[in-house]
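We just call them A, B, C, D, E and F in the order they show up, numbering each chain from 1.
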Amino acid sequence: MPFIAVHLYEGRTIEQKREIVAAITEAVVRTAKTSPEATEVVIHDIPRHNWAKAGKLASDS
Amino acid sequence: MPFIAVHLYEGRTIEQKREIVAAITEAVVRTAKTSPEATEVVIHDIPRHNWAKAGKLASDS
Amino acid sequence: MPFIAVHLYEGRTIEQKREIVAAITEAVVRTAKTSPEATEVVIHDIPRHNWAKAGKLASDS
Amino acid sequence: MPFIAVHLYEGRTIEQKREIVAAITEAVVRTAKTSPEATEVVIHDIPRHNWAKAGKLASDS
Amino acid sequence: MPFIAVHLYEGRTIEQKREIVAAITEAVVRTAKTSPEATEVVIHDIPRHNWAKAGKLASDS
Amino acid sequence: MPFIAVHLYEGRTIEQKREIVAAITEAVVRTAKTSPEATEVVIHDIPRHNWAKAGKLASDS
């Protein structure tokens, strides 16, 4: 606890993911008063053809 | 809001996904009285060897 | 299969939920070529103070 | 996009949630190069009797 | 790692949840070769009026 | 019902997944008093560069 699932468009580099998870973890530890060791973040890479807004795939926008 | 996560067997074409997200969005907008722009749909493509019913992988059925 | 998780603001009536799940199921069965019996929909009722956009809780907007 | 689901023990105040979603959104916008308006955060309040580690409910620890 | 989210009809007692999370954890540790300490289980209690099969709420069946 | 989502590091073989879903299903059917046919398990294979603990990607640890 806590467990944070992040849904993002795929395509981020490992270096970007390194920054994203570090920043989210720092934000959660600071504001939710948890320990870093107890904080897990999972990234779901979602292709643009699997994400829709207003009924349209992001790959079509 | 709303956010809809759809878990499906992988293998649908982009054209099928286009129809699936359009139909789900139309259904949710009409019945939940939301706006299309606020409605997001994400598809999780699940391989048959990652989905089980009755303790058996779908790829084994 | 399929499994659809719908995240909505809490407050819908049972009658509205009845319409939402019926409409989503019809949409998925028609476009994803699944059977109604295999199609499950779960609604997550999310309080407005648990949903944020642009860093602000919906209950503050 | 992005959509962030945060699973936390229930019991946080609205003021704490306000800080948590603001901090997570700032972290994601800065590192994943998204816009605040496109960034949604949902909090799942999980009772301690619904969360287990090492096979034991947190309410029993 | 691993993180297991269990969606169940609400209504289980704490004692039943104690058995469910212990049994799932034992199953995962044994078959996925993980450590108990790294294995987390979260239960989502879903009301029957929030779960549908074949387009019908479980509370209507 | 029930629906169980398992988040694991990717890399398990089909044979391991066969054992994991069988063991989880047996555990849930026995303790939650459900039927095998109603019990579905989905595995999310998560790359180590998409999973962080204490703000560090598992692929960096």
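Assume contacts are C-beta pairs under 8 Å (C-beta built on N, C-alpha and C of every residue); 3 or more make two chains touch, one makes a residue touch a chain.
This one's a predicted model, so the numbers in the text were calculated from it and none came from an experiment.
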B-D against A-D, pair bridged by the larger set of C-beta contacts: A-D
Chain centre separation in whole Å, for chain F relative to chain A (CA means): 20
Chain E and chain F, separation of their C-alpha mean positions in angstrom: 12
For chain B, residues that touch 2 or more chains besides their own: 1, 3, 7, 22, 26, 40, 42, 44, 46, 51, 53
Each pair of chains that touches, named by its two labels: A-B, A-D, A-E, A-F, B-C, B-D, B-F, C-D, C-E, C-F, D-E, E-F
Contact set on chain D toward chain E in their complex: 7, 44, 46, 49-57, 59-60
Interfacial residue positions of chain F with respect to chain C in the complex: 1, 3, 40, 42
Chain F contact footprint on chain A (complex, rising order): 14, 17-18, 21-22, 25-26, 29, 36-37, 39-45
In the complex with chain D, residue positions of chain A that touch it: 1-9, 12, 16, 19-20, 22-24, 26-28, 30-32, 46, 51, 53, 58
